[in-house]
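Each of the next two complexes has subunit A plus one more chain, namely subunit B in the first and subunit C in the second.
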Partner chain A sequence: MGTDTDRYTGEYAVEVAGLTVDLERGAVNVVSDISFALAPGEILGLIGESGSGKTTVGSALLGHARAGTAITGGKIVVDGVDLLSLNRKELRRYRGRVISYVPQDPRASLNPAMRLGAQLQEALTVHGVASRQQRLARIRQVLDEVKLPSDDRFLRRYPHELSGGQQQRVVLALSFLCRPKVVVLDEPTTGLDVTTQAHVLRTVRELCRSHRTAAVYVSHDLAVVADLADRIAVMYSGRLVEVGAAEEVALRAAHPYSRALLDVVPDPHRRREIRTIRGRVAALHERPDGCVFADRCDFVEPECRRQPIGVVRIGDGHTALCRRTEALPVRAGQEEESTRVGGTPDDAVRTPGEVYLAVRDLRASYGGKEVLHGIDLTVPRGVVTALVGESGSGKTTLARCLGGLHDEATGEVSVDGRRLAFGAHERSAADRREVQYIFQNASEALNPRKTVGRSIEQPLRVLGGADGPLSQRVASLLADVALGSDAADKYPSQLSGGERQRVTIARALATAPTILICDEITSALDVSVQSAILLLLKRLCADSGLTMFFVTHNLAVVRAIADRVVVLNEGRIVEQGPVDHVLDRPQDPYTRQLLGDTPSLLHA
Partner chain B sequence: MVKMILWRSVYAVASLFVVSVIVFAATQALPGDAAVAKLGKNATPAALESFRQLYHLNDPLPTQYVNWLGNILQGRLGVSFATGFPVGSLIGDQVANSLVLIAATVVIAVPLAVVLGILTAIRRDRATDHISSVLMLVISALPEFVLGVALVLLFATNVSQVLPAVSPVDPSRSIFQQLDLIVLPTLTLVLLVLPYVVRTVRACMIEALESEYVTMARLKGMSERRVVLRHALPNMAGPTFQVVAQSLAYLAGGVVVVESVFQFPGIGQAFVSSVLSRDLPVIQAVAMLLAVFYVLVNLLADIGTVAMTPTMRGGTR
Partner chain C sequence: MTPPDDIAVATPASATTGTARKRNAAPPRKQQSADGVRAVLRRTLRLRGARVGLVLMLVVMAIAFLGPLFSPHDPTATIGSPYALPGGDTLLGTELLGRDVLSRFLHGGAVILLLSLLATVVGAGTGMLLGLVAGYRRGVRGELIMRSLDVVLSFPPLLLALLFMSLLGTSPLLVLLTVAISHVPYVARIVESSTLAVTGRGFVQYCEMIGVPRRRILTGEILPSIVAPLTVQFGLRLTYSISLIASLAYLGFGRQDPAVDWGMMISQNQSNVVGSPWPVLLPVLAITIVTVGANLLTDSFGRAVGVDLGREG
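Here is the complex of A and B:
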């Protein structure tokens, strides 16, 4: 694109031009024509769904191509040197020192067999800091900056002895250790809860500001990035479809895809209509010749499909890959929409029916350590009740107690007046049919060696309750979760993350339950996929009068789907009530803090 | 860690106790009568009776067991029925011979397998890897006596005659003065365990090389050498210990067959001849020795694995 250069006159921290990555075999393109430039200290948010190529771009910035792919063109100029012109040995001198990388999963990225001190020291040793004293001084300084302990005791620890948030800070410290010009962060907060995420984002911002480090922050979530980034680049099907100042893109997105992405982000401060992006990202070898977004675009013309779309200049440093930008309707301003607290009429909170599930004085422990301290809770029939809290608050334990998956507990759980045993194996088949559980990680919750159809049949075979042939029931369940009946013969590995989660929902629905317990079932998904799942759950609830207990750490999701909310902190309920009531006027300081930490486009 | 070692040791002792019961019961169940085997079919009933008296063969079995166990715990392995010599001095040389054989095998096979495993992992799907895996597959498909005979054909008879075909170790000299005799048996045992260890090491190494922390190390600017040696290698130490321990235990059994191919006077030979002569004290001693070896090797491997795996330390078992 090369249109950024009019923005800034000094020397860029990083300049990327025409970056292209292809598959090694078959001449299939993965990403192409990626161009942008960042001034020192500037943060670029690189946004896209799974399969958009954002992670490919992220690692390609360090001259790294994943197995089976190759960087086939372009320039990456950092510190006056084109990284792609270097040989392997020269490139190694730049990696980690001039441009560094923060991976998605800190637990997997820290070497489990090396002490933290050794890993931190090594990063300096390989880049020529020979004196141990100098290394330790720098390590302690950077650990202080990321707000971790820096004493010897901490340095002697192993990665598995830290919490997820601490691990992510160690990885941050590693990436800032050599005072690089550029840091690439690949969804570094995806596995973290909102509070930890907010802390990590704050730290990234401080580090970039104080050391004038440019950053590329890769994420699928516009709300996370809008607040952090100076500029936003939106990726789709391997292209940058829009680049501009963060505020420009958030308020005046020019590309239909950017607009769609903005529309699917839930917000903790207002109830928005849940919208989805129709269709799905095309596979690599099925990408269209013309506009890459044409198949999912509401404004598409035949002309759009004829040839690749050129860059259109929208404003100062704001470009889009769309020939229809002028035809798009003027976007309703965020401010205007924000006044519609309470949402559209059809989204209005339903009046809860009588109590369906009741919990009295529930105490649960792990190995003798109590994690739930006397929970009293009622879940009304036919509505969505959300349970919110950070990791470690006990919310999953509570859900597991209800689902019959945790039996180190005392107290009383009853459904429709009938008392439930804590262990599922002690519950009657009828009880097990009524109470169904959906897990967070759909790929782990599905047996990889069973077809989707077999998985969905399983509860019917074990618990009974099917009238008519199983295959018919499976087909109708698949239809309920908006999957085609051909999915029945597929294996989980042949499905996308969102489709897998739909299958687990279909499996939970197989026995026609009256209450669904959903444990963080959208937190591993892209926002666009999340909104589709939320819409599905909402429809199921409305259509069949299902009662839902929805566990999440994300208040924005709560606002989008729930009628009632229960806030859990350190094993105790601190606040509960109707969603709009609690989130508009939170009473407990903990709820207020959670709300403040939840990313929102309103703050941008 | 200390707690874990203690627990494991308790388990080890407990399993040896169970083994001792089984060994004792099994030797009692052997067909034939030790007294008849020793004194011959024509021995007088009085002679047979006095033999049984001498060795307490008429005592109730539990009493015999307790006495036997007590003696073993005090290091007294008993007296051979067949020769009248103490078992310890009788099989001492043979045990030492076998230990030398196993030690030589381990010293050669383990480093070789680790290096081969790492090399084939690094050069995965290239010529080195393919050639190595075909070779390993062929070797592991051959039974140990076929391997032994093949080596004899290659090095001791038709093709070349650089090494002795059989290994009749001279008991009057130290085995270390007759090392040429253990070359072929050792080689056979090395080939026996190599494929298994190589394949495990290769698989662990590939897993480590595909991990995110290795990618991360590369993105931090580490050289490939450093990535392999400092980042991947320590993470495959645990599984490697386990597979080496299993091969060692396998060796203790494989050694019996290989010794008979080469007529090597080791523990296997002692075992076979003692069974043939119903020499109960020798059978029991050899069986217990093999069990102790097996349990000890596994115990050490478990401790080694835990010591090399930070995430496993601190647990109790």
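Here is the complex of A and C:
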């Protein structure tokens, strides 16, 4: 790892200099002064929160600017040609052949009506591989490389016949088909569970190594990239605030923002204090004049705000956009930190109280096909239990059974000795008040036509339980989830992803439940937003003694929030126990595999 | 993020996997609320098609409903020789039986437009109810509703109408009902599929979880979410109503002589269309214009809300 590019003397695979993207109207800058060069086979991790401009840079590398924006300056030299000097037609010949793109959602780039073979062939035909024999040979070779079957039966399949991970591999195959010099990967694993993600990451690395293809890997998650990339570039507010070798940045981050990003990443191997980055990314037209990070920085001085910050050299190929790097305290080393915040599971786990929620021989099926095969589970009051497993392991089905959203089930679920019906319609109002469910996708979980206030009021109107005026209760609930009372009059589309999820949490808390079920509620969010939500939930649980179920595929999140963990595989519990116990000494091979696949900064 | 178990992934609002990308350094978002009725109307009327369509519809409707007030003659009285050319007492000449063309034209529109509107309201309303129930409750009930509607769907609307008429005779009420029935399966299908998509979303599931009564979920959560496709369907169905009812009238299943409607005017006078074009041309033009107008308006509305649906979520 860590090829030293400063000493690299050969020809670069891609050289970007002074790349600038502006809005077409109003002379507002989106990203500016992006410069880096990649040697053949080198992987750059481009990191930042939503709104940092990382995707803008990613697509600009292909000479593309989204509607309303324009590339207004800079150079992107690939293969000796400046892509920005080409016209549309010439650019099309380069895209896919010399520089290719892997999007976040593979479904978006596969034609659902075309067989895989035809789609792969098409890519080669467009770029002039004439003979059918040659094309097929190349396709089979690349499919082998991405570890997909390459026989005719597979080529005759349609995209919808593949799993999400397989689809993403097909897209990888497509982008490497023409042996490009550079590949841009835009969060290609964000929609995948950890095991599939680990496979895809491994494939990307092998492809880049064996073809000497340079790659720009865009992600919001430092832990994902730290292990994959040779170099890391951290973006904030449209600028590269830090660039350096992956190990350097992971261990000795110089910019306060990089440090903050490192701090918010949960780790599966040790219990870290949950930290957050205060404030939020400034909107385009509200960016500060001086240091772009000044408003959220813990080390800011008046001088920082006066004028734009110049590039500061930290070490060999390591630069940062911060004038105070010297003054920053030494960041606690990894080892040191792990002992400092060593796991202290909550009292509830050490001295298990009486059973609050009990599940006995729960079997659930979809359309006659059984997906949960006899789940037995007991949970004391006030304990946070994580349900972990890959997609298809049955963790969400289990959560839905508890929440009353799935009634094709047999067995017994009881709370405090009372038996709960499976369908919510058969539960008493009191039971429905006690058990609340938070959905993964907050923008779908809120009616887009209702104000936030109306949404939060709804359970109170339906189930009762509010003393005093509703508006007052809504305001206090919003305050509980750290939102201002002015949010009540907004519509979901006016909020950010994290804020929307806070609203659904507030709605779930409205009826003062004793059991809260969270279904992957942070997996669609940025890591920094995720840590803020986790912190909020942790505080709520401590304050009100909530018994919480937290469904996730990410063991790092488990370590951060849960007291107990239940590992599910193919509809069965394979392992359960206190979090620190299970994750420090996993017994089941499946748990070990999950743990190994979970990205961790410790590996970097 | 785990892919959800159900495959409701293709709905526009569920493109959350892409939101992070969309949000990145996107141009500063204008404050947008969920589309109020007024905002949608304003956006619709900003389109030229909508304005033209509205004017066309209003003109024909004014003729049909206000026309009788300005009628120069009794539409049923013979005032000259058959097919007299325009001039003198008659601005546009006379028709087959020597009655004033203009007066008959002015009197003949209201019934067609009114019946069309009512048939559309009844048909689209019924279709909406069935579609909502079928889409929300699925299962045996939904299957039963949708498959029986498929039977209706297999008859061409005009044929269906003729079948009913020849079995039960003609009356305005029957015309209304048969045309309404012919709309039901089309509207029900659209509403069912939209309902299905909305039902899979978290906010509907949340309502079920806290035990909002099903009827309230249908009216309070689902219906408002499918207003846009429903309105487009209503507009489309209106234009079909107009042409279907005019066709039925032309075939003799409308008002009976001496009363008048536009369809009847066309059929009575078509044999002499070359010698005396006005009694045919006027109703043909009126029906064409109102249909085109309604279509333009519907189309613009669809585009106005379509744009909005794309930006949601």
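Note that the second predicted complex is superposed on the first by the 584 of 604 C-alpha atoms of A that agree within 3 Å, B and C clash if a C-alpha of one lies under 4 Å from a C-alpha of the other, contacts with A are read in each partner's own complex, and residues count from 1 in each chain.
The working rule: a residue touches a chain if its C-beta (ideal position, glycine included) is under 8 Å from a C-beta of that chain, and two chains touch if they have at least 3 such contacts.
Just so it is clear, the structure is predicted and the values come from calculations on it, not from any experiment.
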{"item": "Combined model on subunit A: subunit C and subunit B, fit or clash", "value": "clash"}
{"item": "Per-residue touch tally on subunit A - higher for subunit B or for subunit C", "value": "C"}
{"item": "Touched partner set for A:92, first subunit B, second subunit C, both or neither", "value": "first"}
{"item": "A:108 touches, of subunit B and subunit C: first, second, both or neither?", "value": "both"}
{"item": "Which of subunit B and subunit C A:496 touches, first, second, both or neither", "value": "second"}
{"item": "Doubly contacted subunit A residues - partners subunit C and subunit B", "value": "105, 108"}
{"item": "Subunit A-facing residues of subunit B, complex", "value": "211-213, 215-223, 226, 230-231, 234-235, 237, 308-311"}
{"item": "In the complex, subunit A residues that touch subunit B", "value": "59, 62, 64, 92-97, 100-101, 103, 105, 108-115, 122-123, 126-127, 158, 160, 174"}
{"item": "In the complex with subunit C, residue positions of subunit A that touch it", "value": "23, 28, 30-31, 50-56, 66, 68-69, 104-105, 107-108, 164, 186-187, 190-191, 193, 220, 238, 283-285, 366, 391, 396-397, 403-405, 424-425, 427, 429, 432, 436-437, 439-450, 455, 458-459, 462-463, 491, 493-494, 496-497, 507, 511, 520, 523-524, 526, 553"}
{"item": "Of subunit C, residues touching subunit A in the complex", "value": "1-5, 9, 13-21, 23-28, 31-34, 201-203, 205-212, 221, 224-225, 311-313"}
